[in-house]
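Letters A, B, C and D name the chains as they come in the text, with residue numbers starting at 1 for each one.
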Amino acid sequence: MLAAILSLTILGALLGLALGIASRLLHVETPPVQAELEAMLPGTNCGQCGFPGCSGAAAALAEGSAPPTCCPPGGKALAAAIAEKLGLSLDLSSLTDEGPKLATIAEDLCIGCCRCLKSCPTDAILGAPKQIHNILKEACTGCAACVDHCPTEAVVMQPVPVTLQHWVMPKPLAA
Amino acid sequence: MSELLLLLISTALVNNVVLIKFLGLCPAMGVSKSMDSALGMGMATTFVMTLASAASWALEHWLLEPLELTFLRILTFILVIASVVQFTEMFIKKASPGLYQSLGIYLPLITTNCAVLGVALLNVQQAYGFFWSVAYGFGSALGFTLVLMTFAGLRERIALARVPAAFAGSPIAFVTISLLALAFMGFSGLNV
Amino acid sequence: MGLMEKFFGLSWGIHPEDHKRPAADAATRTMPVPERLFVSLSQHIGAPARPAVLVGQQVKKGDKLADPQGAVSAAIHAPTSGTVTAIGEIPAPHPSGLPVLAITLESDGKDEWAELQGCPDPFALEPAEISRRVAAAGVVGLGGATFPAALKLSLSQKSRVSTLIMNGGECEPYLSCDDRLMRDEAAAIVDGIRLMLHATGASEALVGIEDNKPEAIAAMSEAARPYAEVRIRPVPARYPMGSEKQLILVLTGQEVPADGRPGDVGVVVHNVGTARAVHEAIRHGRPLVSRLVTVNGACVGQPGNIFVPVGALVEEVLAFAGGLKKTPERLIMGGPMMGMSLPHARVPVVKGTSGILALDAAQVADRAQEPCIRCASCVRACPIGLLPLEMARHIQVGDLKGAVGVGLKDCIACGCCAYVCPSHIPLVQYFAHAKGEMAAQERARLRAEATRKLAQARSERLEREAREKAELAARRKAERAAAAAAAASASPAVTEGAQA
Amino acid sequence: MTNTYNASRTFASPHAHGGSGVRHTMVRVQFALLPATLFGFWLYGWPAFFLWLITLLSCLAFEFMSLRLMGRQQIGRTLGDGSALLTGWLLAMTLPPWAPWWVGVVGAFIAIVIGKQVFGGLGHNVFNPAMVARVALLISFPLPLTTWVAPLPLTSAAAPGFVEGLQITLGQMHLTDAMSSATLLGYAKTELSRGVDLVQALAGDHAPGLSWSGIRAGSLGESAAVLILAGGLFLLVTGVIRWQAPLGVLAGVAVPAAIAHAVAPGHYLDAGTHLLSGALMLGAFFIATDYVTSPTTGQGQLIFGLGVGLITWVIRSLGGYPEGVAFAILLMNALTPIIDRYTKPRILGRTRAGRPIDPPPVGKGA
């Protein structure tokens, strides 16, 4: 009986030792996934995903508690990139990419209260107190943070009109 | 030399470890989504199987039989296989992180891969000499890799097919691997 | 397709019935200037031109209407004399029917040229000067790609191109505008070729003409006899012989690297129509304001080649070509293989319009799509050696990256695969969709990156403002303390104890 | 009166078509199969015709059922494209002529439902449906699949009449031993296992010469190797199939057979017998050239054919089963994705590995 116990413990000890040495030789530190994920997210902390800003969303994604499609402004491309990074399978059905929307200000309603100015994560709104405000189209990400700040509901989300350069040939219906 | 060749052919094709002996089915289903990860898994398993066959022969003839501890056979074999797998995992993590990422959970799972332990035990059962048991381990690992690569190629093609909803995902994979097993039965009875 | 060619000759591409006759043999007609012209501002590859005229301004024929904008762009000139009545959006000659910015010109009927500045002895000019004049005349590639010609000339000059290839292939069925030009104005074309040789510094010019155009080969050989450096090289008639990579391969045996330009193998390719435009621009100073367009198809009254002013409506061109015998199945601008289907006929002709086709149902032969049976006739037909069936299958399931992996980026959308597919799968539509989708995703990625920079800039601004406010508060507090200390020092005895 | 034109939707180029069609190809293949099938009906009488008919009809029925289950539209058009018909026809050709009716029905179910529709219908299946059914039947029902019948041409007296034929197929009348006999390959395999030298075994009335004319025991459509060859050449000439796969299969069997026969005539059949016996000719011209389950490029098809031929010869000479074509086709179907991956045509302007070629040195002088 003793031989059985002894041989196994010695064998285990020897192998354990060998593995300890090997792990020190082959050590490789991997950058935390969360930092990489955060670099991919838009970084506007718009909160549409329900997490406290992009770092919160990145942490949730790293833990796996958030689906890759949790970031609406990112759209399909970002969802695909996150899924590939985490090696998750991806179903794009939930993400109805009906096209980006941009905020537009109805100039006759704007009273120049500057409330929306402060809420915009990318400083896309131009204006001064008591002056009519307007929105820079290139800077607006369509996060709709400004819509509910406006007392006179002058801010409206409108779909981006398709231009000749941005038009995409429709996909044929598969037979 | 020709017996070695015949042994390899018989273990790889005639009684293939995955499709005829039905050993190592879960990695076959799990890692066969793409050919590159299948090749990576095949290489890792070949390395582990060959080493495990050699180690298990040594353990059997130098440790277990002299001390009549053959009842400990499975325990020691698993211990050795686990450490070899752990070493392989560290090596692959260092050598190619991409492959490590694509193999994912299935790399440490080689320890529980019944093909590896199965081959080690079969070696003991057939009382092969050292060289023949290593050859037998290598041959069955070759068969494992062959089936894994072929099946991965089929799954890559099926991933693009318009599979009906009821069969999408793993059901169609099961149908495919069963048809592959059907085809491999052609080699049965190959008196080689 | 002879047996020899089947085994040893060219195996790529297809050999469609060319439907060029009798339209090719009909004499050229010149269309009278219509009452109103719609001159589109993006008639070339690159940024749209910027209007240089005001509404209501009187212009002569040949006056500049719009300046090139940015590095890759082209000038646009008035196709006739008249007044500019509007600068606004009109339906573009594009399958989507979306609008494009254009200048509407009301013709005054005089069709009077502005005073032009020709050059009697152009070979004395510096090559750079020739490129400048070609750019000033708004000449673009007339083969259909409409790349600004001057830019190509100067680029070839810089990369020391040794061979100039003139593309007289015109491999698209139905089209015969190049063929007609070569027959009628071979001398002008050869003169244009010699001018481009001088401009690019190339040592020889090879004029590739498909062997199904014997009259054109004869006329061009006759015109090129006195000049040794211009050599006429008949090439086997097959589609897409007119595509750059194929013509270079057949004429010089060189292969253009996948992500490179013909300049990398010391070659530059121009259309024969462009050569004539260069001749007109340098010799007579005339800008590119009209071009020869083939009007063909079963539904056209009198098919043939017509000189059309740029900006004329397709509707008017068809009316001038004998009207439509019956409602066409499909109206196409360009050739049937690579041309664009038009939403309706009220769209303007542009510099790149090589043909207007009104095809009936038999000629279009459109049938419902059936599943792909992997017969690989598309693989044999592809001139670039791609796998159209695999690419389409990747795109069908939405795996665009997989499609690029199989070679989507090298696809020249020539249409051979969809032409031979027995299951009538619209393969080129899949590839066009995939390329459009990837471009859209790339734009979204760039926009996301820009957004991240803006967000960072904002957070830095907020931090800076907070820091400045804090410093301001600190400085004011320090001043108040100093003032208090000064007050205290003025009456030291009283406040000493309290201060400590 | 100018006809106004308004496009119904956005059309993509090209706006012309070469006129080829799927139905057009399928009809030609069925036409090429006709001579061998009619010869089979003549050689084995009415039961063969009924079996062929039942297999075809059940194939169409199962296709209709699965399309309906999957809720596909235009079921009529899909049925009409002749692919289910062709699968059933090829399956029937490989079955023993007097097999009972349920062999045809079960075979059709396996071929159409498991072999094709499960993968997503025409063009998406990975294994050749007819061969899947043939192998599944052979392994699960060995007895009915290996009871061959001596040729009883319709004209001869002993041939079963119309009603008798129907009864045989419906299984009421079972076969008397006198009628049944072994195929050439089966006979050679049993003789070899009994250790009899092949040369004497094949001297008597079993001489392989008989197989040239086709008057010998065998499957419904395979006995007339010459007629199948004719059908195959017709397909080759009309461009429906390409020469690489058939040549590969025939060479893949003939070369090892010739070598082995030269080395040990007693143990291995000669090349000629191999080529003309069993399902080889049918496999080479009709099954190995199935578009869906064979590689796309000519080079790939050649490798595919050689693989099929070699595995067929290995199974016939060394394996347990007398006929290896069905197994060989399935095995090579499994390898097709790998073959396709390594026999891609070279993209213009790129090296075979896919990197852009580096341009030749360009300079004023060069």
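A few points about this structure:
Operating definition for what follows: a residue touches a chain if its C-beta (ideal position, glycine included) is under 8 Å from a C-beta of that chain, and two chains touch if they have at least 3 such contacts.
Quick caveat, the model's predicted, so the values are computed rather than measured.
Common neighbours of chain C and chain D, listed by label, are A, B. One simple way to say how far apart two chains are is to compare their mean CA positions; for chain A and chain B this gives 40 Å. Put simply, the C-alpha centre of chain B and that of chain D have 33 angstrom between them.
Chain C has its Cα centroid 37 Å from the Cα centroid of chain A.
Centroid to centroid, with C-alpha atoms defining each point, chain B and chain C lie 57 Å apart. For chain C, residues touching at least two other chains, in rising order: 95-96, 368, 370-371, 396, 423, 426, 429, 432.
Residue positions 10, 12, 121, 124 of chain D are each in touch with at least two other chains.
Within chain A, contacts with two or more other chains are made by residues 169-170, 172, 174. Viewed as a contact network, the protein chains are fully connected, with every chain touching every other. Partner chain C is touched in their complex by these residues of chain D: 2-7, 10-22, 24-25, 74, 77, 81, 83, 121-124, 291-292, 296-297, 344-350, 356-360, 362-364, 366.
The touching residues of chain A, counted against chain C in their complex, run 42-45, 73-78, 92, 100, 121-124, 138-139, 141, 162-164, 166-175. Residues 35, 149-151, 153-154, 156-158, 161-164, 167, 172, 175-176, 179-180, 182-192 of chain B touch chain D in their complex.
On chain A, the positions that touch chain D within their shared complex are 169-170, 172. Partner chain B is touched in their complex by these residues of chain D: 70, 114-115, 117-121, 124, 126-127, 132, 135-136, 139, 311, 314-315, 318-321, 324, 326-328, 330-331, 333-338, 341.
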